[in-house]
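Multiple structures follow.
Shared chain: chain A. Partners: chain B in the first complex, chain C in the second.
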Partner chain A sequence: MKKVLAGVAALTLLVPATASAHGIVGRQDLPVPRWLFVWAASAVLVASFAGLAALWQQPQFETPRERVIASVPRVFEVLAGVIGVAWFGLVVYAGFAGSQTTVDNIAPTAVYVVFWVGFPVASFIFGDVFRVFSPWRAIGRAAGWIAKRVGGESMAEPLTYPARLGHWPAAATILCFTWLELVYANNDDPSIIAALALAYMVIQLVGMTVYGVEQWITKADGFGVLFGLYARISPLDLRAGKIRWRRPLEGLASFKPVAGSVALLCVAIGTTSFDGGSQGELWSEIAPHLQDFFAGLGFNARDALELAFTVGLVFMCLVVAAVYRIGIEGMRRIGDTPRAAKDLGRAFVHTLVPISLAYVVAHYFSLLAYQGQDVYRLISDPLGDGSDLFGTAGRAIDYSVVDANGIWYVQVGALILGHVAGLVLAHDRAIALYARVRDATRSQYWMLAVMVAFTCLGLWLLSAAAQS
Partner chain B sequence: MTLPLAHAGHWLVDSLYAVPVIVLAAALWIQNLRDKRRERAEKDDSQPSD
Partner chain C sequence: MNNSARIAIGVAAVAAVVIAFVLAKGSDEAKTPTSSVTTTATTTTEATTTATTTAPTAHVEPQTVSITIKNAKPVGGIQKLEVTRGDRVAIKVSSDTADEIHVHGYDLAKDVAAGGSVTISFKATIEGKFEAELEEHREQILELTVNP
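Let's look at the complex of A and B:
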């Protein structure tokens, strides 16, 4: 017994003292160790699973129950499109003509904070707002309207979007964008951001010209597709000039997955995971070795580091895909006849959407809370040339809006809620899919394992980032 | 590449984050065995004895 106690004492000496979090938001002073939050979050998921198995015996989301609560005048959509195009124009102009100092130019904040983090959060609350404000959709629709007026019936019909392409262009878009954000050395250079935004606009316009606005926007526009998926969590549905009210999460059950849908969500979760993981100690130990490896192949230090980070980014996407695949493989064997992994993977892919959103909220909440405030300053001086258009150019970021502990609790809460939502959706789909309730429950052991694995991974990455 | 033994404490704490996954995987494996055993028993019961 003494030997055991001595061993435990020796192990506790190895455990480091609570490390401080990001200096920018102060020190986290949590009442219990972070790993205990992970255990508690896992317990919540297991309890939710048991509750669903006992109380949720009929599919609830397969038949939509929605009602129209308001009509939206057509002029509103036109106005929103004009605002979207004007905002896009401002960002591109500021990127080229404004100060090339990152903090003085509105372009980096507009893209990485307002667009990349703000729209997912707004979509989950208000519905598909990006669809309304999307500048490329607005231009595409305006061009289509004009072409119809001028060309009349002689206008050629758009081509049918190839089924095999599905959401693959969207997945590639998100991977490229996150590569730019997390890997590329000049990721915050305003002129590069402006040039890439313009390039993306051109690609969208070409795609919409060939395949039609709606086909392209709902399949190939990475941001439109991803933000649209987040919007399906919302109880509000903005469609065809109407605002409909539905149960939260219900919109996801009616999502029709296509080729590349699984890849899109694995990329979305994997790249956000890498963002957290790349700030941790483990990555800071691995990255130099990878960089040395690429340097040994003849790359210069900067390229070698970018390649190392590219490997990490892709690796995390593959890890997420592998975890999901394990869950699907486990589910395949449940029931009288084995199901195709591809079909099952698509049938449950909508369960990854709330997880993806939870990862976004957890990883970028502090960015939105602090850097988001900087929009007040930048909107008065978007070019960083000393102007003060709205009298807010002197506005500073208030770092006291939320403290380090508050951020941690939001992160934990978002991850738990996101994964419980994923479990609910998976359980509902399983009941609809399997003939026997017992098989449905058994299949969900695997989804529970997937959800617990993602929760532990997410909190471990956040914890590692907070300690670094 | 040398093992980062100097950070053994961090590795130890990091491993605590994996405990729920390991426990759940073990529980899944046991439950799977139980289910298979029960299914086998149900099949045996449903077959007519000679």
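Let's look at the complex of A and C:
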């Protein structure tokens, strides 16, 4: 027993070190100063009420207005797929064969920075680039093409993807990945990252074989689905060999929610919140108690810490889900006939996408701006064996590209813009859904409360109030 | 409500937000000089008389933190040091354990022998929060905050 207590005591000291979970990062953001926090929260309220009063009264986004601006030759699609597969192969190979020191191996940076943060940011600007480069989609499509050549029409038709499953596998994927990133103690171990990437690839290939490439990647591939949702914010639509131009956000209104879509967004927002919150004062007070509790159940010190963080991660997702649910419950009784919570929840779930993206940008912008530069160094020496393939192995991160003030403005700006985008989408959906403008406006009191809650939570997590 | 009323509300909202930003930022900057009293750096008065071969900041005493390591852990827990960008920083470590002292972000490292001591000094040019740790023991010993 004494030994256990000593272990727990030692572990308590470990909490702050583990809390900065991204093993690759040596720098954390400074909290947003108080004045900026207060200003941003006020701006959110002003924007909300002005939006309520002044936004249009005819639905704008329900009928898409897109036009083709370019056609992409098939060779580019194939080329992009090859690049995606090659990049995936390099990351897995480096993870296994390269140096196991996190900062010397390209795998951790490639996964946690380029993949997990780079793609959401690129998607909301340029459209669904992950769909273009996705290594599993490329392999799945290549395999399908070959099978058709060899087997002809005798191939078995893929099964119909169960409607009840919907986006639930995608939600589970994002939860598992963020658990790996934020909770798992060996999250920065290159060979573990490589093994898990490979395992994910295998699951995707099996899933695509059973249900067909398109059905699988638009429902069950968590990264494909989530990055694809962020891409719907973009004015560019890259599908079926065409580049189409549309109004920004318009793509989200045509998103067809299925079972689990709400869960996916709640997981996306909840896990990012936990990442922010777990670096704060409140969590570092709660975590040791949870850890003691699990240690008392007989878990060793490390497992107890992981369990404590797991509880925090899942709890934040549930909080986000509960807030959304309260908003939906409030809206249900508006209008002539009460609506089912399930339908109403799905009808407004796309409005959470810009807020989720804002959370990602607010939390990971500096990671991308600074650690993203490390790709220059790592690409020349992906295995950390001292090679210098492109002459950039000596490149250091230039921290002068943006200073603390710049980061604060991006963080706060992202949250405010995400809030306004969510507001506009919710307003547009409400006037399409309710027969009377008055009912639409009343329903928006509830959605506004939900969004103000999410945005202010995001601001609070960034601010000094949460951190010390 | 007609369209011009809508536009007026939108413009008014944007104007209110912009004005509030300027006011809030201004009030913060007005406060800054008083809050800088907390910095412990003392300027040496000889600075003015010596030849100005180096920048004036070089004559400012570095912000110093002394950390004692016992059994591969910092005595008194993780030490904290808060400085302003441009300050010089000196991290003095006396350790009973041989290891490498590593300041993340700045990526500075020095070996310390068992029973020895080492000083890492540098100019704080990058804003943010940084960890210094005992590299081999993966033990954080210092949280360095560099404010703008």
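Quick notes
As a working rule, the second predicted complex is superposed on the first by the 412 of 468 C-alpha atoms of A that agree within 3 Å, B and C clash if a C-alpha of one lies under 4 Å from a C-alpha of the other, contacts with A are read in each partner's own complex, and residues count from 1 in each chain.
Just so we're on the same page, a contact is a pair of C-beta atoms (placed from the backbone, for glycine too) under 8 Å apart; a residue touches a chain by one contact, two chains touch by 3 or more.
All values reported here derive from a predicted model rather than from experimental measurement.
When the shared chain is aligned, chain B comes close enough to touch A:W460, but chain C does not. When the two complexes are overlaid on their common chain A, residue A:V452 makes contact with chain B while staying clear of chain C. Once the two complexes are laid over each other on the shared chain, residue contacts for A:A347 go to neither chain B nor chain C.
Looking at the shared chain after the overlay, A:R442 reaches chain B, while chain C stays out of its contact range.
In the superposition on chain A, A:W35 contacts both chain B and chain C. By the touch criterion defined above, A:E281 reaches chain B but does not reach chain C.
Residue contacts after overlaying the shared chain place A:V46 against chain B and chain C alike.
After overlaying the two complexes on the shared chain, residue contacts for A:I139 are found with neither chain B nor chain C.
Common to the chain B-facing and chain C-facing surfaces of chain A are residues 13, 16, 33, 35, 38-39, 42-43, 46. Residues 1, 4, 7-10, 12-14, 16-21, 24-25, 28, 31-32, 35 of chain B touch chain A in their complex. Those residues of chain C lying in contact with chain A across their complex are 1, 5-7, 9-10, 12-13, 16-17, 20-21, 24-25, 27-28, 73, 77-78, 85, 104-107, 125-131, 133, 138-140, 143, 145, 147-148.
Every residue of chain A that touches chain B in the complex is listed here, in rising order: 11, 13-16, 33, 35, 38-39, 42-43, 46, 281-282, 285, 289, 330, 442, 445-446, 448-449, 452-453, 455-456, 459-460, 463-464. Only residues 13, 16-17, 20, 25-30, 33, 35-36, 38-39, 42-43, 46-47, 49-50, 53-56, 366, 396, 399-400, 403-405 of chain A touch chain C when the two sit together in their complex.
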